[in-house]
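Below, chain A partners chain B and then partners chain C, in two separate complexes.
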Partner chain A sequence: MTVEQAAELTLTPVRSGVGVSVPRPDGTLKVSGRYAYSSDLWAADMLWGATLRSPHPSARIRSIDVGSARAMQGVHAVLTHNDVPGRRTYGVERPDQPVLAWDVVRYQGEPVALVAADHPETARRAVAAIVVDYEPLEPLCDGDAAIARGARKLRENDNEVHRVRIRHGDVESAAGLADVVVSGEYEIGMQDQAFLGPESGLAVPAGDGGLDLYVATQWLHVDRDQVAASLALPHDLIRMTNAGVGGAFGGREDLSVQIHAGLLALATQRAVKMVYSREESFFGHVHRHPAKLRYEHGATREGDLLYVRASIVLDGGAYASTSAQVCVAAASFACGPYVVPSAAVDCVAVYTNNPPCGAMRGFGAVQVCFAYESQMDRLAAALDLDPVALRRRNAMAEGSVTPTGQVVRQPAPVNELLERLRARPLPLAPPTGGRDPRELPGGVSNTTHGEGIRRGVGYAVGWKNIGFSGGLDDYSTARVRVSAAAGEPLVEVHTAACEVGQGGITVQAQIARTVIGIEHVVVLAADTGVGNAGSSSASRQTWLTGGAVEAACRAVGEELLGRAADRHGLDPRDLRLRDGGVASADGSVVATLAELLDEPAEATREYRPRRTTPLDENGQGDVTMAFAFSAHRAVVDVDVELGLVRLVEVATATDVGKALNPQSVEGQIEGATAQGVGLAVMEEIQTVGSRIRNPSFTDYLIPTILDAPAMPSEILELPQPDAPFGINGVGESGIVSSGPAVMAALRMATGRALERMPVRPHELAGATAAGGASA
Partner chain B sequence: MEFLQPSTWEEALAAKAAFPDAVPIQGGTDVMVEMNFDRRRPDVLLDLGRVRELADWASDAGSLRVGAGVTYARVIAELGAMLPGLALAARTVGSPQIRNRGTVGGNLGAASPAGDSHPPLLAAGAVYEVASAARGARRIPAHEFYLGPKRNALEPDELIAAIYLAPAAGGQQFAKVGTRNAMVIAACSFAVAVDRSARTIGTGIGSAGPTPLQAPDAERYLAGVITDEGLWESGRLPDEAVLERFGALVADAARPIDDVRATASYRRHALTVMGRRTATWALRDGR
Partner chain C sequence: MRLKCTVNGEAQEVDGVWEGESLLYVLRERMALPGSKNACEQGECGSCSVYLNGNLVCSCLVAAGQAEGADITTVEGLAREDGLHPIQRAFVEAGAVQCGFCTPGFVVATHDLLRRNADPSEMEIREALAGNLCRCTGYTKIVDAVRLAAERLELERRQA
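Here is the complex of A and B:
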C-alpha cells in the first residue's frame, strides 16, 4: 500500500493531507495550560483513592491492620490483597506483580493497601493510619550479584527473567585471525521517563455492574485484559478510554492506577479518582534497565570487524514487566548497525529488589549502543583510524545479515547518515572571553569565564526495531465512517491508538483526508469500543494504526464508488472521489457525496505487517519487523577542571521513510535526542540499598532549555517497502545514539575513558594540571 | 489550618507572638513545596506578603537595608550595581517564576546549606535584623545566624525583618556548581567579596557543610599577600600560585559530605577551582 495506490481513489488534493505539517489540536492547549490531562478528570460526588506503599525494598509482611484507617470519618473503603476478587497479580508480559502485596514486598514503593475517601487529604491520612508489621530483609541490590552463585533466590530460574544467547558465525576462529582486539566494560544508570503528567485516572461504576475507566495509558486493550482478570469481570464490562496523557515514553505500558481505582470504585459504588504525587510517580512506574555490558571486538589491521563478544546484564528489578522483550532487543542490537561476521552475545535480564524496570523509549537498544559505539571508538584508536571511517567501512547496508541471521530487506543507509553528518560544517569554536554565561559550561551558575574549556566532537550511529519483535502477532484496527453532517461529508476515524503526545491523532486525520479526499475529518476518542490498536510504543503506531486507517478509508471509499456505480450503472473502476463527489474518468461529476451518503458508509479494518519469528536456541531468527537507523554528531564544550558540560550542538541524521507530518517528525527527533543527551550527562535514578535517593525533580535532573543543544536534523526519506506511504517509525530512533555521541565527544575533550553513563562531573574533572587554563 | 494575613509589621509580630508555631510564608517557594510533599503540615500559616515594610529596600548612611520580602528578580533588576555578589547569586536561583516569587528573607528563613543567598551575604559581612513583639529588633551577623542544617538563630516569636550591608567596595563574585546549567540546587557554591576600602577579603561557602560557611584562613591569607606585596595600590593581580593557595584554603574550610548531588571530594575540588577563579575575577573587576 503506497501513496500511489491511495491516489487511485481520489483526485482531490486535500490541504491537510499527508506530507504537510498540520498543526496538532493539543499543541496550543498544552503550551497555554488549557489541555485537560487525566489528572484534571472530575466526576460529581467522586471519591479520592490513595495507595499505601512499602517503605522497604525487601520484607516479609507479618500483618496488616486497617482497623483505624477504616474507622476514620470520610473513609469509604480500605482494601488489601484479600479484596482482589480475581487474579491477584498482573503484568504486561507475565502476570507476576501483585495487585496488592501479600506475604512479601519486593521493592520500595510496592502497593500494599488502598483507601478511598471523600477528600484527598483524608485518603492520605487514612493511608498513614494503616499499620503494617514488616520484617525487613536484606535486599538484593545488584544485577551481577543476583545471578552469582549462591545468591538468594527471589524467584524461580535463579533470578533470571529472561536470557538470550546468540551464536552467529564462528567466533573462536575469528578470534584467532584478529590483528587487533579491544575490550571494555560499560555501565548505564537507571533513567526515568520523567513524564510531566503523573499517573492518574478515574473509575466510574456503571449500572450494568461494569466499569468505565478513564486513564492516561499507552495500550487500552492490554490494560483492559489485566483489569478484567483482577476484577473478575468479563472484558465487555470494562470500558476504557484514554485520558489526556502528559507524556509516556514507555512508562505507561505497565498498569498504575487502573486496577486500584477499579477495585475502589466497585467496592464503594462511587466514582474514584486517583492521582499520584510527583514523588509517588517515581515509585509508580517502571524505569529504563540499568545495565552492565562487557564487550570484546576483534578486527583486521585494515579495520574490518571479525567478531564481537558481548555479555550483558540488565537489572529488571523486582518484577518482570517487559524485561524479556527488552532483553531480546538488547541482544538483537548488541553489535550495532555493522557487518559482524561472527558474534557471541549473552544477554540476561535479572530480578533484584531494585525498582522494577521495563519499557522506556529506545527499549534495550539504548544500553547496547553506548557499549558498541564506545567499542568502535576504542577500536579506531587502537587501529589509528578515523572513527567515522571505521564505522563507514563496517556499515551495514540493504541486504546485510544481522547477528540473528536476518537479512535486512529495506534501506539501511548507515553510511549515508554518517556521511551527511560528517559533511555538516562544525559550529564555530568558542571565542575567548566576554561571552554570555549561557554559552559556557556551567551556564548561568557563573563557573567559568573561559577558563578550562576544551571542545570535543563525537559521532555515534544506532539502530533499533520498529514494531513488536520475535514473533508477536502485531496488528492494529481502525473503524472509519463517512456520513453527511448538515449536507457536508464528514469522516470519523475511530481507533484505540493512544495519543501520548506523538501526534497520532493528527496523522490519522491526515491519512484519512488523503485517502478519501474529504477535508473534514474527526478523530474520535481512543477507547475499547473499537478493536485493539496495540501499544503506542516500539515506534509502531503511525505505521500500524496508520495502515489500519488507510485500509478502512480505502474500504469506505470503495463502498462510495460502488454506490455511485450501482445507482448510475457504471463500472466502479472508472470512478474516482473528487471535489466532494464522484467523478468519472473524464472528470465529469456523476454524483455528489451528499446524495451517496443518504446512509453513512462504514468499514473496520485490521492492519497486519510482515510477521516476525522468535529467536531459536542459537539466537537466530527474523525477529525484527523493520529497522530504524539514525546517527548523531555531538559537539561539546567541557570545563575540564570542574567537569561541567555545555552541549553546543547535537546534529542528527535519520531515515524516516516518509515524513507524513514533517514538524511532528522533527519534534520526535529533537525530543528523543534531548532525552538521550539527558541520559549521558545527568538523568539517573540513584539507589542505595535498593532505595531511591532522588524521587523528585529537585534531584532527578532533566535538561532545561538552557541545557538543550542546537539540534539540527538531516531527514532522509527512503521509502520503507510494505509500509503505508513508505513510512518508517521515528518515535525512538533519535534517542539511541545521541547519548553515545555525547559520550564520545566528552572523551575527546577530556581524554578520559568514561565507561559509565550518565557521566558525573567528578569523572570529567581534573583533566588538566591545577591552574592550567586555556583562556 | 489557620491562615493569618497581617498587613503591617506590627501586626505580623503580634501574630507571631500569639502563635509561635505559625509558619511564616513569603514567596512560598519553599513552604508550599514542603506542604505539597507532605513534609510539613502547619496548623497556622502566617502570610507576610502584605507587609509593606518587608517588601522594600532603602539606602541609608552608606548602608543598604534590604527588606526580607525583596524578591530575587528585584535584587537583580535594582541592586545589581550595589550588590553584585548577591545579584549574581540571585541570577542562579531557580527559574524566572521562582525568582519572581522567591525572596532573600525566605532563603534565610529556610536556612538550607544550599541556599544561594548565604555565601554572598557571608562574604559581604551582612547583618540580619530580626524582631519580636516582646523584645523589639536585634541584629545578628550573618556568620552567627546559621546554626545547623535548616536551623537558624531565630527565636520562636521572631521574624526576619531585613538585611543590612554596605554597597560593594570592590569586586564581588559568586559561582555555583551543579549538574545542570540552569535551575539547579547547588552541589556547592562559593562567593568572594573584595573590600578595597577596608582592605579585606570576604568569603562564603554553600552546600559543603551542615551550614553555610566562611573560609577565614583563606580570607586572611589573600588579604595578607595583597597587602604585603602592595597590590591594593598597584592593582596588580597576585601570582597564580597565591590564587591557587587561596582556593586550597577555601576547600580546607569546607566540611562536605557525599550525597545525592556530589561526592565530598568533588566538592572540595570544585571549591578549590571556584575559589581561584572567582578571586581572580573579583580582584580584576574592582581594580
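Here is the complex of A and C:
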C-alpha cells in the first residue's frame, strides 16, 4: 500500500503525517528531566527490593539460611525458591530458568534469594547476611567443549539448545567444480546491549489480590504470561504498564525484576521498587551470543560462488532464552545476501555455564555477517578481484533463492547499495604534519603526531529478517478512539507496543493523522489493557503495530462515514473525511465531525503479515517474513605501533522501504552502526572460568562521542510489497555489516587476517601494513 | 543526618539521610528530582551531571554530606519560565533524543560547554561531551543539537 492509497479515506492534508520528521511527543519531557523512567517511580510507603545472586558459575546449593537477614531491622521479607507459589521457572521461549535457584546454580549471577527493606542499603546488607552453602562445581566454559564427546551434561539429554541443518543444492558436486576454495575460522566475543537505563520497576499490590506492575520491557503480554504463571495468579489480575524505558536492544526481552518485585509486593502487601546497579545489570540480562564459525567458500575462476559450507557454534550460556530463534536466524543468513547455489550449514546453540545469551539487536545475523564477509574478502584476494566487484557479481536480487529455498519476493538492492557506497567520495587523508591529536588514533592521549598511521578502507553488506520467523504467529493489535474534546476531534491510539526509544509512538501518531486526517493524536501508555502487540524487536513494530493502527483508523473512519451516510440518507462510498467533517463527492460538507462524534467512535484491529513456515529437516522453508538489506563502508586510521584505531568515517546505505519519519530512520541507522563498530573495536564481556571480569562501564567500553565516526547514510526507499505505506523495518539493519566493514578496513590497514571480533590492540600492533596506505 | 542545600534556587532541607548516600540518591529519592539519571553510578556515563557550586560534576560521585550548604542546579532547573531552554529545544528538534536516559546529562554538559565556549568546533564539542555516554544515537544528532543550540543562543545574544 502506498501513502496515496492509505490516505483515500480522507482528503484532509495533515502537517505531521507520514514522511515528515515529526519531533518525538515525549521529547519535551525527556529533555527537561520529567519523563518517568522505570527507575524514577515512587509510591508512598514503598519498600526496596534486592537480589542475592550466585557467586559461582556452577555449584550445588546445600542450604540457604535466611534467619539473620530476616531478623534485621527494616527488613520486611526474605524470599527463596520455597516462596514461589506458581511455576518455579520462566523463559521467553521455554521456561527453563529458575525464578530463584534451588539445588543448583548454573551461572555466576543467578538469582538465589530476594529481600525487601525500607532502604536500599538495608536491603543490600540483608542480602549480604543470607548464608548459602555452595558446593562449587567445575564450570563448562566453552561452546565447543559443550558439544565435545564426553562433555559433562548440563541438561538431561545433551548440551544442545537447538540445532539447524540446511542442505541446499549439491555441495559435494559443487566442491568438485570449484577453481578456488577459501576457508576460515572466525570468532566473536560476547557483546552487551549496555542500555543506559538499568533494569527497574515498581510492583504495587492491588485490593483485588492482583498486582499492578510498572516495568521497562519490550513485550508486555509475554511478560504478563510468565509473571502470572510464577505468581499463580490469573492473567487478568496482573496489570502491566510499560514504564519509561532507557534503551533495550534486545536486553529486555527476558524478564529481570518482574516476577521478583511481584513476589516481594505480594509477600509484604507493600509497593516494592527494584533498581539494578550497573554491575547487577551485567548479570541481570542476556547478552549477544559469542560464536565460533568455520567456513569454506568455493568459486569459479571468474568469481561466481559455487557453494558455502558453514559450521557455527553459538554459546547460549546457562539458559535457553531466545537461543533457538537466534540459531534459526544465524543459519538462515549464514551465507550472506548472495546467490549461493549450494550450501551446507550446521548451526547449533549450546548450553554452558557462561552468562545466558539471547536477543541483541541483529539477533544471529551479526555473527554470521562477520564470517561470510571475511570470507568474501579472502575469496577476492585469492581470485585477485576487487572485493566490491566480487560482491556485486554474486549479489542477490529480487527473485533470488535463499539457502532455505525461499524466493526473495521484494526489492533486494544489494548491488545498488554497494554501488552507492563505492560512488561516495572518500574522506581526505589529512596532512601528516601538525595534525590535531583528536583526529588521530589515541586522541587527546597524544600518542602520535601522525607517524606510524595507516589508513584502511573496507566494505561489507548484510541482511537479516524483519518480523518473527519460522512459522510463529506474528501479529499486533491497536485500539483507536475518536472523540470530541472541547469541540475538536481527538484521536487516541492505544497499543501494547513498547516504546523503547525507537520512536514507535511518534510514527503511530503520524500514521493515525495521515489515515484519518485529524491532526490531534495522542498515543496512550502501552499496557495490557489492550491486545498483544508482540515484541519491540525483530525490526517489526512500525510494520506490525503500524499496520494495526492503520487498520483501526480505517475502521473508525469508515464508522464515521457510515454515521454520516445513515443520518443523511447517503451512500458511504461517496463520502470522504474532509477538513473536520464529512464531504460528498462534489466537495460539499454533509456533516461536521463534532456532530458525528456525539458518541465516540472506536475500533480495535489486529494486523497479521504474511505467514512464514518452519524449516524442514533439510532446513528448507519460507522462514522469513521480509528481509532487510544494508551495506557499510568503513574508513579507519590505525596506529600500527600501538594498535590504536580511529574510525574516520563509516558510511551506510540501507533500503528502508519508506521513511515514515526520516529523522528517526537516520537515528536508527546511526545508532545501530555505532553499536556495530563498538563490537568491532572495543565491546566484549570478558569471562574467565565463566566469570565476568568487566561488569562496569569502566571496564566494558562502549563508544563515546570521541570514538564515534562520521556516519553519513544513503537511504533508499524501495516500497516493500504488502507493508503499510511500503515500509521496511529499520531498527537493526545498521548493526549487521558495520562491524565487518570496520574489520575489513583494519585488515587493509594492517595486512593482518583478523579473524576475531572485537579486535584487540595487540592484534594490530606491529603490523607492517602490507596492504595499507600511509595516511 | 540532616542535609541543607539550595537546589534550582530553592532551599532544601532533608532529614534522615544515611551518610553513605550520594547526592544523586538524595536528589532522586528524597527531593523528588529524578531528572538526574542513575546509569552507572561510578562517574563513567555522565547521566547524573549537575552543577555543584557552578562546577559540572557527576552527582553519583558526590557524597550527600559534601553537598551541605551547596548551590546545586539540575536539569530540572534549566528550563526557563516561558518554556524549554534553547539547548533543550535543540535536542528535541535535532533528533538527539531517543530513549532519552542520557539526555539530562548531555543537556547539562552542553550548557556547561556553551557558557565557556559560545561557538565550539565539532572537535571541541566531542571533547567536551566525551564524559557522557549515549547508546541510542551514535552521537551524530547530539553534535547537530549542540551546534543548533549554539546558533540559537548566539541569535538571542544579538537580539538582547
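Here is the rule we go by: the second predicted complex is superposed on the first by the 756 of 775 C-alpha atoms of A that agree within 3 Å, B and C clash if a C-alpha of one lies under 4 Å from a C-alpha of the other, contacts with A are read in each partner's own complex, and residues count from 1 in each chain.
One rule holds in what follows: a contact is a pair of C-beta atoms (placed from the backbone, for glycine too) under 8 Å apart; a residue touches a chain by one contact, two chains touch by 3 or more.
This one's a predicted model, so the numbers in the text were calculated from it and none came from an experiment.
Peer 1: Does chain B (first) or chain C (second) touch A:220, or do both, or does neither?
Peer 2: neither
Peer 1: Which holds for A:32: it touches chain B only (first), chain C only (second), both, or neither?
Peer 2: After superposing on A, A:32 lies in contact with chain C but is clear of chain B.
Peer 1: After the superposition on A, what does A:436 contact: first (chain B), second (chain C), both or neither?
Peer 2: In the superposed model, A:436 contacts chain C only, not chain B.
Peer 1: Looking at A:757 after the superposition, I want to know if it touches chain B, chain C, both of them or none. Which is it: first, second, both, neither?
Peer 2: After superposing on A, A:757 lies clear of both chain B and chain C.
Peer 1: Mind telling me which of the two, chain B or chain C, contacts the most residues of chain A?
Peer 2: C
Peer 1: After the superposition on A, what does A:698 contact: first (chain B), second (chain C), both or neither?
Peer 2: So A:698 meets both chain B and chain C here.
Peer 1: A:130 in the overlay: touching chain B, chain C, both, or neither? Say first, second, both or neither.
Peer 2: Neither partner.
Peer 1: After superposition on the shared chain, which partner residues are touched by A:277: those of chain B (first), chain C (second), both, or neither?
Peer 2: Both partners.
Peer 1: Kindly classify A:642 by the partners it touches after superposition: chain B alone (first), chain C alone (second), both, or neither?
Peer 2: first
Peer 1: Is A:445 touching the first partner chain B, the second partner chain C, both, or neither of them?
Peer 2: First partner only, chain B.
Peer 1: For chain A, give the residues common to its interface with chain B and its interface with chain C.
Peer 2: 277, 438, 444, 696, 698, 703-706
Peer 1: For a test of understanding, state which residues of chain A touch chain B in their complex under the given definition.
Peer 2: 124, 277, 279, 438, 441-449, 451-452, 641-644, 646, 681-682, 686, 693-694, 696, 698-699, 701, 703-707, 760-762, 765-766, 770-771
Peer 1: Which of the residues in chain C end up touching chain A in this complex?
Peer 2: Those in contact with chain A are residues 18, 20-21, 28-29, 32-42, 44-45, 47, 74-76, 78-79, 84, 88-89, 91-93, 95, 97-104, 107, 123, 125-127, 129-143.
Peer 1: Can you list the residues on chain B that touch chain A in the complex?
Peer 2: Against chain A, the touching part of chain B is residues 36-38, 88, 91-92, 95, 173-185, 187, 240, 244, 260-263, 265-266, 269-270, 272-274, 276-277, 281.
Peer 1: Can you name the residues of chain A that touch chain C in the complex?
Peer 2: Listed in rising order, the residues are 21, 23-24, 26-28, 30-37, 39-40, 42, 119, 121, 193-198, 244-249, 275, 277-278, 436, 438-439, 444, 500-503, 663-664, 666-667, 670-675, 696-698, 702-706, 708, 710-711.
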